[in-house]
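Questions regarding the structure given below will be posed in turn.
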Amino acid sequence: MYPEQPPGNGEPLLRIEALVKRFGGFRALDGLTFDLMPGEIVGLVGPNGSGKTTCINVISGLYSPDGGDVIYHGRPISGMPSHRLVQIGINRTFQVPKPFPTLTASENVRVAAAHGRCDCTAVDVDALLASFELDCYAGRPAAELNAGQQKMLDLARALATGPSLLCIDELAAGLNPAELVRVAERLRELARSGITLLVVEHLMGFIDQVTDRVIVLNAGRGIFEGPLRGAVTDPKVIEVFLGTENGD
Amino acid sequence: MPRTMRHILVALVPVAAMALLPLVYSNQLLLFNFVVFMILAQGINVIYGFTGYLPFGYFGFFGAGAYGFAISIMHLRMTPLPALGMAAIAAVVLALVLVPLFRLSGAYFAIANLAAGLAVYQVVSNPSLDNITKGPYGISLPAVFDPNFSYGIALVLLAATMMTVIYLRNSKFGLSLQAIRDDAVSAAMAGVNVVRLRVMAWLLSAVIAGLVGGVFAWYISVFYPQTVFSLDFSIFAIVFALFGGMTTILGPIIGVVILYGIYNLIGISTPQYFELVYGLLIMGLVLFQPNGVVALFKRWGIDVP
Amino acid sequence: MLGYTILAGLLFGLYFSLVGLGLNLVFGVVRIVNLAHGDFLMLGAFSAYWLFSLFAVSPFISVVLVFVGFSIIAWPLYYLLVPRLMATKDPEMLSLILFFGFSQVIEALATIAFGTSDRSIPGRALHMGPCRLFGQNYPASWIVGAVVSAAAVLFIYLYLYHTTKGYLSRAVMAHREEAVASGINVNRVCAIAFSIGVGLAAAAGVFAPFIFGSINPAMGVNITITSLTVIVVGSLGNPLGTVLGGLTYGISLMFMQTYFSSWANLLAYVMLILILLIRPSGLLGRSVRYA
Amino acid sequence: MAMRKIFFIFFVASLVAVACRAGATEVPKQIKIGTLYASSGTFAPLSMPVHYGLKLWVDRMNAEGGVYIKAYGKRIPIKLISYDDQSNTATAASLYDQLITQDKVNILIADAGSVLTSVALPIAREHKMLLIDPIGIGAPFFTPDSPYIVLIGGPVSTIWCKNIHEFITDEGPKLGIKRVAILYSTNDFTGTQANTIRKAIEKSRTGIKVVYDQGVPTSTTSYTVIINGIKAAKPDAVIELGYPINDISFLRNLRESGVKFKWLFTSYPGMETEHFEKTVGVKGLYYVYTDMPASIMNYKAAFGMSLPEFHAAWNKQYPGGKVGFDFNSVVGYTTGLVLEKALGSAASMDQLALRQAIVGLSGKLKTLDGTFAVDPKTGAQIGETMPIGQILPSGKDGIKLIVVYPKQLATGKLVYPAP
């Protein structure tokens, strides 16, 4: 029903339109709007509590929005259950990795391969694990992996479903510099293979390495869109970041 | 030998043993109770072992099955085998009504499920339903009483239940259920239809309890509502399955053999300390071996599927 | 008749708030379901029975003795059972099984010690006849039960909101992980809650011979199930919500008894399921706990 | 490795099974009586007194060198094999089977109460064992096509309450009773009684109306609003049918709420008088009508101990009051007496011959429990219909029980309306 190939004619893959998400009286998203083009790597940055993770949660179907729309391949998808979104090519990773702790690493990926997009049944689980250096842990319960390995497993699991759009929530935190370089290269590779990436990240160096452009969020609203270099000179952005401390 | 074949061979051992034991041991009813608890413990395994939901009110399905069977015999004039089908249907209907309980997690689900089982008991045993269920006055089905045939059917049911668990252990379906149990959100992000699979497992375990309830009603043929709607059936099955080891094929069976065996030994030798010893055993299990004896075997290097 | 039913429900319900209060405190703070709750109540009832029969101790005095006594007994019990339970994969669920086993042990020991026959304390021990309220008679035991219950609720309220330990208890109730992270001795806070909870159960038991007519070692299971109903309706984990749960339970039970008596027991279970589905957090709860 | 373990377990299980098979000998050194009791759970308060009553009989028999068995022409010691079913029916079922198939008992005695008796029924029938039923009085057990059961201890539930409705329809009009309230616990025992009484009153054409007719769950222990509801129906006579715990709660609540009924019947104060005095209090029992089991009527026992003797023997053997002395204790002992007499007259140890012998005692055996009588077709006890008694104040803080119905047994004049 949803085409495997990215839409042509400069149509965006995903369009976020005036998205609103409230928790009680707090507006975590307050009219957020942006587009993602096919094959793009876009960074989502902003201070803590600016709505980055909430945005991913809405896109991946964990929350349904209180206003606005998420449009994928030209069709509204907000309110669709997560597993349906996965099957039409949207997936994500978690800030705190959430593997299936009692299943082995290989089983973790196999579950995803079994339920992902129907035309991706022939996922080579072993190769996928190997590409994240998890091949020697394939038979171990995921609970025994360390935090970094669990993050990679999260990513491998998401990829096993054959996504067109992958939202990545703080992958870099906790990885050492060498790992960072490898992961960045891996993400660029994914983008080259046609997967669109939305990357939430605090590490600006990492963002700079992988993204084509960034969207800066503040209080649930986009305040800047463009290359990272542009963002750092934007007065509004500077004000937000200086106001909240640059440790972000 | 492929894994599934090996599992099937292993699973046939208890079935064959329960089929042969009546030849050397004449207390068939005790053996029948063993079979009933083996089936119930596997039913618990399906829902608690594979999805992590603790069905404290599991006896509700057992009782619904027993009454579905009895009502089909009494009012619809069915023969026992089709009546067993009605037992399964009764349990499935109850399970469907209770599907919304899956919105609850942890202890909340267990408590609500317990309440549901007790509620069904209250309804079935109410004198105003005398015409349908015979209310509190009890059921007597002397016309279909046939211990040998019903024992045989119970064995068939045991075999079928074992096959179900083997299927869960070796299929994508079973793997996905375990994924849901481990982390429902992640399972959804792996593309698993969490709600549908969970409900399927729930119905499956309800069918198992309903069928065994029907066979139980058939075998004993005289019973009161409190006979079949007894919390003991839930507790025993849960403790047996847990003692053996959840999510395994032989664990629940081993649990029944050891614990129900001890239960009957104490019951016959030192009945005055029966409840005490049993309570202590349950406590010891949770405190010292919460993953069951199969996990213990694994630690000793013995692989029990 | 309606007025009588409602007032009777209020009094009866207040007593059941006391019955459920300890169980709810334990669940709220320790996050375990104490299925032996009813058995502690039974032990409290037998203690009051023996205190009265052997030493003619008035129930008004034994309620204090029993509360203190059982709180002290519960302290080592907590350290014996709960920390080990907490180390397992799924403590909340396994607590159901562990404490069921414990309930069996208590019932067995009580049966060995006291036998199976029903016992009771004569009504005159309360030194009161029927009490008149708004022109109608109510059993004195219901009024006494209601008053003691109100006192216990007040005690818990003062403990939770006006003592340091109580403040810590609320912190543990609200955010267990953060409480651990901020250096609160969670184990100790839990042990105190467990002690008070068991003490309250036993104290409620002192009035059981009057409210239930008689007591025996097997009575615990039913009490536990009723208590679960009361606290889930009120809101699981919110001790003060127990009062609302108790009153709702009491009034609706009396209503059913008056108008559809044979279905009286069904109501409790149906109410419990409905509340869990419509407001999983109970009538007073805030935090939603979906799977 | 795993397979070996499993096989080993089953090997051991089979060995145990084989070892358990006890060989039966031709001339028994002892006669084996098998029974169950419930030391805990719902039925414990009912079951234990019956069991202790039976045990008392066994001990006395063995002290005399055993029970005389006509078939062997001599006294043979009794071996009582008793298991604890914990009020659990599945456990009870397999233990009955255990008694028959493994212990090969000569005589099978059921646990007390309908629920725990019910599961024994099909097992006894299948193994052609006579089920001696002390007090499982469920009416459906006793049908002409099931010869393998005989009821000893009390009348079957449809007859149990015969005198209650006969009192209402005979004496009611004379006393001015026009409106009757029936409150019952919804279990088979009291539910059946309520149905019987209701039908009898409606059929009687005396103009007496049932103005209140409600069942309550058997677990009910608070009756205050129910009492208030009954009061609102303005009945002349109130019949409360329940287990002892229901009766106790009802009477306590009644007294505590200060409501008085002109005529009130409950079953158990006459059967468990001591217990009711302790739990309800003497004043709560004044003017209550109650079943008067033969046991309380101090019948002249032509066979076995008299009631005072039995009570004394009970207190000696079971000091401390852990198991209360009541009607059920007498039932347990009477079961033994009936067996003693039947074994002394049965020509063989065959199960049906034994039943024949028990039925043959009908109308002839007089024990502390009155005259034993049983329907030869169904095996149901029909002899003892319970007379109705009334509890009256006696002295300063005492009570006395008088029989008020049937008229020919009356020992005093009833007080109506209750002051």
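Should a chain be cited, it is by its letter among A, B, C and D, assigned in written order, with residues numbered from 1 in that chain.
Methods note: a residue touches a chain if its C-beta (ideal position, glycine included) is under 8 Å from a C-beta of that chain, and two chains touch if they have at least 3 such contacts.
What you see is a predicted model, and the numbers here were worked out from it, not measured in a lab.
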Note: chains that touch chain A and chain C both are B
Chain whose Cα mean lies nearest the overall Cα mean
B
Among the chains, which one keeps its Cα centre farthest from the Cα centre of chain B?
A
Length of the line joining the C-alpha centres of chain B and chain D, rounded to whole Å
35
With centres defined as the mean C-alpha position, give me the chain A-chain B separation in Å.
43
Chain A to chain D, mean C-alpha position gap in Å, rounds to 74
For chain B paired with chain C, centre-to-centre distance based on mean C-alpha positions, whole Å:
31
Shared interface positions of chain C, touching two or more other chains
107-108, 111, 262, 265
Where does chain B touch two or more other chains at once, residue-wise?
122, 126-127, 272, 274-275
Chains that touch, pairwise
A-B, B-C, B-D, C-D
If you look only at chain B, which of its residues touch chain A in the complex?
172, 175-176, 178-179, 181-183, 185-195
Can you check the complex and tell me which residues of chain C touch chain B?
27, 33, 81, 84-85, 88-90, 92-98, 100-109, 111-112, 221, 225, 228-229, 232, 236, 262-263, 265-266, 268-270, 272-273, 276-277, 280, 289-291
Please give the residue numbers of chain D that touch chain C in the complex, ascending.
39-42, 44-45, 47-49, 87, 186, 214-217, 219-222, 224-226, 228-229, 232, 244-245, 248-250, 252-253, 255-259, 275, 278-281, 284, 320-324
Contacts from chain B onto chain D in the complex sit at residues 10, 13-14, 17, 21, 24-30, 32-33, 36, 122, 125-127, 135-138, 140, 142, 145, 147, 220-224, 226-227, 230, 232-233, 250, 254, 257-258, 261, 263-264, 267-268, 271-272, 274-275, 297, 302-305
Counting only contacts in the complex, chain D reaches chain B at residues 1-3, 5-7, 9-10, 13-14, 17-18, 20-21, 39-40, 42, 82-86, 88-91, 93-98, 101-102, 114-115, 118-119, 121-123, 125-126, 138, 140, 145-146, 186-188, 191-192, 215, 217-218
